[in-house]
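What follows is a structure written as structure tokens; I'll ask about it next.
Letters A, B, C and D mark the chains in the order given here, with residues in each chain numbered from 1 onward.
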Amino acid sequence: GRFGEFGGKFVPETLMQPLEEIEIALKEALEDDAFKKEYFDILKEYSGRPTALTYAENVSKSLGGAKIYLKREDLNHTGAHKINNAIGQALLAKRMGKKKIIAETGAGQHGVASATVAARFGMECKVFMGEEDIARQKLNVFRMQLLGAEVIPVSSGNKTLKDATNEAIRYWVSNCTDHFYIIGSVVGPHPYPKMVRDFQRVIGDEARSQFLEREGKLPTKIVACVGGGSNSIGMFYPFLEDQVEMIGVEAAGKGVDSDLHAATITKGTKGVIHGSLTYLLQDEYGQITEPYSISAGLDYPGVGPEHAYLADTGRVKYESVTDAQAIEALQRLTIEEGIIPAIESAHALAKTFEIAAMMKPDETILVCLSGRGDKDVHSLMEVIEGGIEYEHNV
Amino acid sequence: MNTTFNERLPKVDHLFIPFIVAGDPHPDVTIELALALQEAGASVLELGIPYSDPLADGPIIQRASQRALKNNMTLEQAMNLVGKMREKGLNIPVVVFTYYNPVLQLGEDRFFTLAHKNGVDGLLVPDLPYEESEHLREECQQQGIKYISLVAPTSSKRIEKIANNAQGFLYCVSSLGVTGVRDTLNEDVLGFLTEVKQYSKIPVAVGFGISNADHVRLLQDHCDGIVIGSAIVRKIEELNEALLLPTSRQKALVEFKGYVETIIAPIKPCEV
Amino acid sequence: GRFGEFGGKFVPETLMQPLEEIEIALKEALEDDAFKKEYFDILKEYSGRPTALTYAENVSKSLGGAKIYLKREDLNHTGAHKINNAIGQALLAKRMGKKKIIAETGAGQHGVASATVAARFGMECKVFMGEEDIARQKLNVFRMQLLGAEVIPVSSGNKTLKDATNEAIRYWVSNCTDHFYIIGSVVGPHPYPKMVRDFQRVIGDEARSQFLEREGKLPTKIVACVGGGSNSIGMFYPFLEDQVEMIGVEAAGKGVDSDLHAATITKGTKGVIHGSLTYLLQDEYGQITEPYSISAGLDYPGVGPEHAYLADTGRVKYESVTDAQAIEALQRLTIEEGIIPAIESAHALAKTFEIAAMMKPDETILVCLSGRGDKDVHSLMEVIEGGIEYEHNV
Amino acid sequence: MNTTFNERLPKVDHLFIPFIVAGDPHPDVTIELALALQEAGASVLELGIPYSDPLADGPIIQRASQRALKNNMTLEQAMNLVGKMREKGLNIPVVVFTYYNPVLQLGEDRFFTLAHKNGVDGLLVPDLPYEESEHLREECQQQGIKYISLVAPTSSKRIEKIANNAQGFLYCVSSLGVTGVRDTLNEDVLGFLTEVKQYSKIPVAVGFGISNADHVRLLQDHCDGIVIGSAIVRKIEELNEALLLPTSRQKALVEFKGYVETIIAPIKPCEV
């Protein structure tokens, strides 16, 4: 259960047996054609896959560099890539005879995805969510409740995603015999990082064949944002053996030289968080510190262990983008292409725009548009005071 | 090898293993609390290192951790605190209870240096299960530090292999869940303890949720020791202000000791 | 330009020539393979078509009757079928050399779709929206602004959709030489009702072939909601020659026997509204009366003239569903299938559930899920006081 | 046939065709306003029927419609109001300006009955263009009611066919847009009027936006008549309260008449 030295199962003994059961069930499931057929059928007939591959013609031309292609995970049911994994894990839970699921959520996207699959598969669902996040994301809370999920407020720690995850794990420890914990990113103890990757690689698999069909070649570079890192691993994994440069983009918040960022690989050190050895933001004594990002989905102090490994081997480069750069990129894609991206995805776009401008027109960049920005419009209303100042420069 | 822990371990029918958090409510008070527990009959002291993300702990120990972190308690300082406890007369074995990340950041070499210097006898890492602890377990064995292993109700086939490699005492988690005070204990724990004892060559202690004398009475014939954590930490929280004020501290310590003695009355230790 | 006696061009003389130009351009465009290819390419690569056909297994089984299939227009880019038409009309505007577009909007869905295509095609966009609707739909207003559109508040009349449409037409009269008016439904003067149908029939064309592929036969019945009626015409049109029963569902609001409804065909009379002869809600003197529905998208006093024709010929049956029935259906689909439908679409669902229960398990119903309900969650929070009382009865 | 309109039409160089809304600010006042306009030199009265959705009208006439609708004005009542105007001495032709829907709901038969009974001479339906009006135009012709047609700057090739079938006078829309007061008129209108006059066998009147004497002066040599709507309706709105109060009504009517005379001074009618 390791990616190089990263990963592992740093969990209470109580969870070791449940994790092993999941590992075995996952292995069997992925070798079972009936399981795979059900998974892919649901992706297609319920979530609307394959998602589109959109050539961002206006932005590409206004930047004057590489052709930019967007993998449109925002077009999935519930509006982000999170559903791919939630469907996969819910099917696995069903296979294992578990009828109750647990999930943690920050901004609420994974919570909504989990509540959705729970409704679809007739399961009971508890979503752990920090009290701070509940206050900031009332509509997603109501979406989950409408879907029949119980949203459990978490008041420990800073009352955000990290604490919600802690509390979800604690609840799972108490209820692991009949509950399945659907982790929302490629984090947590083995086999979660691998399992979530296996259920998200559909992003990259689809994008690879769509790109080949459209361009007759592989992209020059691939860019995706990295919080826990599930959309990026899903995108990167099928291209790892290819001659394609890949860039993961972390949230630099107010700047990586400030205390307010979530740039885990860029600025973090090795340690253990939520059951996994990886890079994380911590003090010299090993206390995990609070991250910061305008994007709730990237506002996480750890990162998937496979990313830590890919960073150490140099296969993927990890860079970072500030709040302000992400907002500017969000506005640019919106006004030039008519697509409002999630603020998470806007981090990948900001880096994409920066490097595309320096590339040649016969080069290409594939970027993962991990989710839609409707959820962020309310926050942006507060950030972009006095209306839109960004100039339309097509 | 492995002499210190065993040499310091009182010879009693039942081990009483209390847990407190280093630095809660204040480092100086922690020393006094340790001594009071020894007076009350503690066989082993489990000293918790406060952690930002204590996954295996319930709200009581989470709050204690937060208080201790506000006092800037670290793993290194906590181990030095054990040295001060020794100076003040603490004779029983001390097991440091810490999540893995602080150990990782401190470094194993530094950990063992501090352990030897301060008379730390054991190490318990709640988020380092058997498969992940192999290296640290071996290092501990070489360094004469007992690496305390846990078995849980879900461990099933894992019990034998964990028991075979356990040192010091084998910590049985009474039930599914995190640390905390429970009103009632699930009687399933008795069968579980019986099973564990079949495999264990060392004392079998039971912990998680043991909160009062009735619990102790229920368990005493089925184990070799009892760990009491949250119930004690909750009492410290209750006495927080009194313990912090020099003028009321002694009275609070007496109340604390009396409370602990009440819980463990059924296994009141007497030398054998 | 008529459907039987319905339709026509009841507009000021100033607009007659612009309408004729659109009619000619549309005819040429629809005969031009390059135009059609661009339209279908954008639908596929930008909006994510074909949209999924989802078997609503849980609801079908809990009702114990016909198998219910959902045509998932909610999975389109921007979250509703409106984009199909906005893309088509924007392409036509481009073909006609018009770089400025006008749109009217009620809840904001067509406004967002129009602002989106305007951004995508580098056009200037003005969206007329009643002041009442602006106050109720702040987030959609901000989405449009973020997309670079100018939202123009309309203070005339009751300050809702009908008035926004009036004002858009007035603005168009003043600026018809360089502006293209993108009407959002199958209403307005000829050729709009036909044009919008031509750009929405992709719904039914796709659904027909998907349904045949999945079930090996045509659906027994087809159901869709009718406000102006663009999603329903888009769904019905390709099945008109088939032996399939079709039902359009209007908004009965607080009840068709009250004054608070928008059941135009059910309760309206023949008259002229927004340039077209059709059924509408009016008093005996021909003054148009204010409709009411919880659903902003159905809250319109007229209906597309082709629906009026289909109602008169009896080819399509028109029924109505109250606010309360729609809310119940919305909650049922959400909690049993994990899909939050738009409150508009929930009207079609309510009727579907009612008739499915009386049908046999070897019969089928195809229903158009015209949009997603995220936009309605805020209103539902107010309606469903004290949380969800609906029982999960899977 | 078609005698009434022409018989009633004053023989003047330039037709002055004012527009007011029936029922604004009150049905009784509308009669007085009509008479005042006749005194001021009106050649034809265009009487607007208030409508809920006046697509071709700008804010001033929209507001007037709203006021009139609050007085429960309907097409039928408005036509009966013309009868009362006749009784009070209104001699000039009256053209009813109404959107199509009220006519449709009233029914053509009833419309013509009321027209004959009350001395209504013409009908103008702003949302019933040439292609949609064929039937109603023919009925009007048979009934001796002038169906007033409009041509717009966008009409281009349509002008000839519309002009060929026009009756009473041909209404030229001065510019793109809805009714309303405009500060300046686009001089393109002059060429447009010249073009229309080539095709028209009847008087060509121009309307939409004509708001003051300067506008009238600009247009007078290029047309046979001038329609003034919003500027007059705005004045009525301004005098609203004074017109409603019996005590101040006469003074307000005098002011109203003076205002109208000022605008049309350049074409002050004198019998020819």
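Just so we're on the same page, a contact is a pair of C-beta atoms (placed from the backbone, for glycine too) under 8 Å apart; a residue touches a chain by one contact, two chains touch by 3 or more.
Since this is a predicted model, take the numbers as computed values, not measurements.
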{"item": "Smallest count of steps, each to a touching chain, taking chain B to chain D", "value": "3"}
{"item": "Separation of mean Cα positions, chain C and chain A [Å, integer]", "value": "33"}
{"item": "Centre-to-centre distance between chain D and chain A (centres being mean Cα positions), rounded to whole Å", "value": "66"}
{"item": "Separation of mean Cα positions, chain B and chain A [Å, integer]", "value": "38"}
{"item": "Chain contact topology (line, ring, star, complete or other)", "value": "line"}
{"item": "Contact set on chain C toward chain A in their complex", "value": "44-48, 51-55, 58, 72, 74-77, 79, 115-120, 122, 138-139, 142-143, 145-148, 331, 334-340, 374, 377-378, 380-381, 387-388, 392, 394"}
{"item": "Residues of chain D touching chain C in the complex", "value": "51-59, 62, 69, 74-76, 99-106, 126-132, 150-156, 158, 162, 173, 176-178"}
{"item": "Interfacial residue positions of chain A with respect to chain B in the complex", "value": "8-18, 156-157, 162, 166, 169-170, 173-177, 269-275, 282, 284-289"}
